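Take a look at these structures.
Both complexes below contain chain A, partnered by chain B and then by chain C.
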Partner chain A sequence: MRAHLLMLADSRLPAGGHAHSGGLEPAVTAGAVASVADLADFLHGRLHTAGLVASALAAAACAHAPGGADWSGLDAEADARTPSPAQRTASRAQGKSLLRAARATWPHPVLDGLRVPVPAGAPRAPHHPLVLGAAAHAIGCAPLDAASVAAYGAVTGPASAAVRLLGLDPMAVQRALAELAGDVDEVAREAAAHAEKDWAELPAVSAPALDLWAEEHLRADLRLFES
Partner chain B sequence: MGGYHGPDRHHAAPKPGRPMRLGIGGPVGSGKTALTAALCKVLKDELDLAVVTNDIYTTEDADFLRRNAVLDDERIMAVRTGCCPHTAIRDDISANLDAVEDLEERHGNLELVIVESGGDNLTATFSQGLVDLQIFVLDVSGGDKVPRKGGPGVTASDLLVINKTDLAPLVGADLGVMDRDSAKVREGRPVIFSSIREEPDVPKIADWVRTSVHAFLHH
Partner chain C sequence: MGRGYTAHAAVTAEPGPHGRTRLTRLRSDGPLALRETPDGVYLVGAAAGPLGGDRLHLDIRVAEGACLTIRSAATTLAMPGDGESTYTVTAEVDGHLDFAPEPTVAVRGCRHRALARVALGPSGTLRWREELVLGRHDEEPGLHTGRVDITRAGLPVLRHELRADPASRSRAVLGTAKAVGSLIRTGPSVTRAEPGLALLPLASGGTLANAAAPDSAALRRLLLRAEEALEPVSSG
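Right after this comes the complex of A and B.
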């Protein structure tokens, strides 16, 4: 089970993550991130906002998975916590890619049955944290594990994008991630504590700058990452 | 052990039920987009086709195809690759698969989907999970030593195109050397020399694609 969990958290799982920067590219374009210190601040902020929300949704999805036939309620909660249409699209696109990879890697009835109605034109898949939570269940993991993978991914994805975009020293970036590790664990624990509660009570903190940059990004002339 | 030594029970494989997927890869500036555009122009009236472009910069390649009115807008999709064109065609093909499947769904009778990679290095090749066949495009201005250096694109692609032969005298590239060196590493797989500028309807390459699509669909 631990090895499966490591696979799920590994960026080498072909789930499309490499083409998304978690808002880092537009933050760089806006001049907000230019150094490792800036990146550490960005990741800290992202972890405690978008990261916490994604982590809690993943934990709730993992808890819901054993009996989960209807995913539309939880998917609507994810929609409601994602005000930027660009981020909603990015989340569903990554959900679609992860679902494909998870179904191929860990065949499981919960993954087969994981589908939700989506608005016209949107990628036809649930939001990414839902797929992550369901996949964690499929490999025999608990909501806290799902929450940990989500919180970890919330910072490692943008960190990797920063190495590629800015040419930051990868050793220094790993150090910054290591310094955030305690926060990642804390966010995952807080997120998992909500797993069995009413979905309406899931964390709903927001990061308005990330939302706005996500929209700006779609209009940028130069765009290396999808989001 | 104990291989099967009885009569050959090989039957023609059933129709794949989907279009042939053709990858076009190669270094920056070798002529991938020009070749894609040329193939679309030549083949669009005889084959039902669509294109996925992968560009490390903007959606420039897709725009190029649209501007040249090579294909209708809804037959072209652009994929962004997060600074890693080779990742998107080999290690993590999911965004490209999504684009290919969207096109296949949108256009029910497609016979050919071309996936054009962003420009990369000599080691960038397409995953078997993404394409059925791949063309690797080099150009003579990179130097006539490139085929000798090899790399998976040069050695393993189904068709090697060596483009811009019109520039050979200007850059001092010996086409004979390139031909000999490619043949040595490619074990009989075809090599076509071309100058898309001088011969914009790329007859030999179009023939190879035609034959390949036919074989794939009617195998």
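Right after this comes the complex of A and C.
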């Protein structure tokens, strides 16, 4: 089970994560992130906002998965916490990629049934944190594990994007991530504490700057990452 | 705990004769005083605060066919005191609610939670504006959590929380902004991004405008721009 969990958290799982910068690319374009110190500040804010929300949704999905035939309710909760259409698109694209990779890696009935209905359209894969939570269940892990992977991914994705975009010293970036490890654990614990509660009460913390950059990014002429 | 106000104010609007709206309930309590004026119902601060320890509730009902406007007479100062203060607004809206009080200032040392739950009926419409100023002049703000939950017929439309805490000083969240606000409109779906202002069309319809600015005057200007962008395509 531990090894499966490490696989799920590993960026080498072919789930398309490398195509997304978690808002880091538009932040660089806007001139808001240029150094390792800037990046550390960016990651800290992202972790405690978008990271916490994704982490809580992943934990709730993991708790829901054993009896979960209907995912539309939790998917609507993810939509309601993602006001930026660019971020909704990015989250659904990553959900679809992760679902394909997870089904191929860990065949499980919960993953086979992981679809949400679309009015007048074919059912689609849900938001990324829901797939992550369901996959965590499929490999025998608990909501806290799902929350940890989501919180961890919320900072490692933008960090590796920063190395590629800004040519930052990879060792210094790893050091910045290590200094955030305690915060990652704290966010995952807060997120997992909500796993069994009413979905309406899940955290909904917003990051106005990330929302704004996500929309600006869609209109950018030149971009390396999808989001 | 125990020394603060616990107050329950309420206002109910129902359709009256000749297409007008009449208030069938208007209850003031403690610091929350409500005054009916030709421009709408005004919240008039009848005591300083909220102070730590205060528990304030405002219940709003707008029946189908009615239109209720809520404003406030002055800026609200969220002050420190005996523990956490809360201000909970609950609204059931089958008509139209226009809720746009003056800004709240999160004063140094405050611990305040502003929670709003808006339950829209099938035909309910909403204009909702919130403005938060992070501390008085040259002052670090206290801890302020603002959360708005909007549902329609029980389904989530928007769950939006802003935590003004040390993590929010990150450039990914608020950066150096001293004033932050939002405008929510049911109906129009508009996308726009410009410095300090994003108009975000929601998945289930309607738009959230988020603004962040160096001061409250600049914030109000950004939100007025959002109003203009949302107005021509909406009657609600």
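Please note the rule applied: the second predicted complex is superposed on the first by the 221 of 227 C-alpha atoms of A that agree within 3 Å, B and C clash if a C-alpha of one lies under 4 Å from a C-alpha of the other, contacts with A are read in each partner's own complex, and residues count from 1 in each chain.
Everything below uses one rule, namely that contacts are C-beta pairs under 8 Å (C-beta built on N, C-alpha and C of every residue); 3 or more make two chains touch, one makes a residue touch a chain.
This is a predicted model, so every value here is computed, not measured.
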Three-chain arrangement built on chain A, chain B and chain C clash or fit: fit
Which of chain B and chain C A:Pro143 touches, first, second, both or neither: neither
Touched partner set for A:Pro83, first chain B, second chain C, both or neither: second
Partner touching more residues of chain A, whether chain B or chain C: C
Partner chain in contact with A:Ala93 - chain B first, chain C second, else both or neither: first
Touched partner set for A:Pro123, first chain B, second chain C, both or neither: first
Contacts of A:Pro14 with chain B and chain C, given as first, second, both or neither: first
Apex chain A: angle to the C-alpha centres of chain B and chain C, given in degrees as a multiple of 10: 130
Partner chain(s) touched by A:Glu226 [first = chain B, second = chain C, both, neither]: first
Touching partner for A:Gly153 - first (chain B), second (chain C), both, neither: neither
Per-pair minimum CA distance [chain C against chain B, superposed on A] in Å: 20
Overlap of chain C and chain B interfaces on chain A (superposed complexes): none
Chain A-touching residues of chain B, taken from the complex the two chains share: 56-58, 79-84, 87-88, 91-95, 97-98
Complex contacts: residues of chain C adjacent to chain A: 147, 149, 155-163, 165, 167-175, 180, 191-193, 196-198, 200-204, 208, 210-212
Residue numbers on chain A that touch chain B, as the complex places them: 12, 14-21, 93, 96-97, 100-101, 123, 161, 164-165, 221-226
Chain A residues within the chain C interface of the complex: 23, 27, 32-33, 38, 41-49, 76-77, 79-85, 88, 200, 202-212, 215-216, 219
